């Protein structure tokens, strides 16, 4: 994956620390390389839905934001990305003490970046794929 | 839309009050009828992303959960639904003082329910469509 | 919906007549207005799948191409569009003598156009919604 | 991947030969194992769209049908599957002499099967990923 911004790691990291909703949920980056980001979230009671599974919205937020960070790792310093849409399949009712997302850029175009995000629930130390998302992000000029 | 549970309104309302993540975000129902639910969220700084737009994950959570409530309004008292997947298009960078979602059941099958959710941002009192989602939910036996 | 190309009707019509796959299947436009296109397809035995329902691929092709024509109706004469992705929900096993698609542009951005396509099967003269798609198209410079 | 039908290979093969639309397009299976199917299509002029790229509908049909065959390889002899929906990302304008799809079952549930399909275009003997789809199929009783 081509590196267009030598400070890609710092930029992708900032995508986590600068986003209030991500801080509020507790999502944090684990590893960043060009076109790939892994992140994690310790599951708290407030992340659950009415049947005490991890809410689909939490999984979607983790999948989307980690995909965004992966996209940030391959764009130029004078660009930003914004999610234009995503689809997510929730394969199993998710529970456990932690969620992890691994996001891999599949295609880094001039205008659109396509990223695949896999979400894993860790329960009793055992990791299980619970969701998979395809995220499309628009490449925009910026930051100002 | 056929009513299979006379207490559909109470059940769909409980989907909001019983889900910790939904309470935590501040999402609340506005109106419920068979196959249709409208909900709202007052936007707070903690709902934003790094460029101070409303996070895609917040929009996705609102779209998904409101769709789930709409699905709950058309199932039997001895059934529950679980999101099996959704796709969401984010048409505009969203900002404003409030989000609203309107979810309409398009097809209530024996096994799958398909719901369309439209998300609107209200800024200065003016409402704008910012996202649209198609949510697929599996109908399962339960609650126990 | 703003008209950026006075010859929009001719252009959207040509999208049907100039596409070999669309001619081969038998898809034809019914009505074109700025941001909206309706099309039809007479169902033949060759459009079916193994259980003699209309193949999901036929429905997807109709939904996607009609969305593309709707997008062509709102772009400039010096632009073209290319589908970057879509999601489709197939709500019922589709059968009948004809399929119709109605595609409505939801958002015509400078870079991306978002279109909603509804697919109806007509059986014994009765129309039924069988599929709904959200199509995202990239706006590109061209034709050369 | 668990084998619930010892004749899984014959059944998945028949999904290609028994579907008129698939025969009409020219799609054929290349390899079948439990939960995985690869297929191919020789590209003809009739598969193209107005700019002479391979039509998105052709790619979607290949991705969906190959996913269906992969799902058929993991169900019981007394069951069938029907696509309930899919999303597809078209990463590059596709051209070449052949398309191939590789479909892998990600989750084979009692009610829903989730399959990932990757579509490759082969041009001058060089293979390139052009599209990726996530397909959700409902498991139904049958054949009669």
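As written, the chains take the letters A, B, C and D, and residue 1 is the first residue of each chain.
The working rule: a contact is a pair of C-beta atoms (placed from the backbone, for glycine too) under 8 Å apart; a residue touches a chain by one contact, two chains touch by 3 or more.
Values in this document were obtained by computation on a predicted structure and should not be read as measured data.
Asks: Tell me, please, which chain's centre (mean of its C-alpha atoms) is farthest from the centre of chain A?
Replies: Max centre-to-centre separation from chain A belongs to C.
Asks: I'd like to know which pair from A-B, B-C or B-D copies the A-D interface, where a copy means over half of the contact pairs are the same by residue number.
Replies: Answer for the repeat of A-D: B-C.
Asks: Between chain B and chain C, what is the gap in Å from one C-alpha centre to the other?
Replies: Each chain reduced to its C-alpha mean, chain B and chain C end up 28 Å apart.
Asks: On a C-alpha centroid basis, what's the spacing between chain C and chain D, in Å?
Replies: Spacing between the chain centres: roughly 22 Å.
Asks: Using CA atom averages as chain centres, what separation in Å is found between chain A and chain C?
Replies: 32
Asks: Residues of chain C touching 2+ other chains?
Replies: As it turns out, chain C has residues touching two or more other chains at 84-85, 87, 89, 114, 134, 136.
Asks: For chain D, which residues count as touching chain C in their complex?
Replies: So the residues of chain D touching chain C come out as 14-15, 18-24, 45-51, 53, 55-58, 60-62, 64-65, 80, 82-90, 93.
Asks: What does chain D use to touch chain B in their complex?
Replies: So the residues of chain D touching chain B come out as 84-85, 87, 111-112, 114, 134, 136, 138.
Asks: Which stretch or stretches of chain A touch chain D in the complex?
Replies: Listed in rising order, the residues of chain A that touch chain D are 87, 89, 91-92, 106-107, 109, 114, 116, 129, 132, 134, 136.
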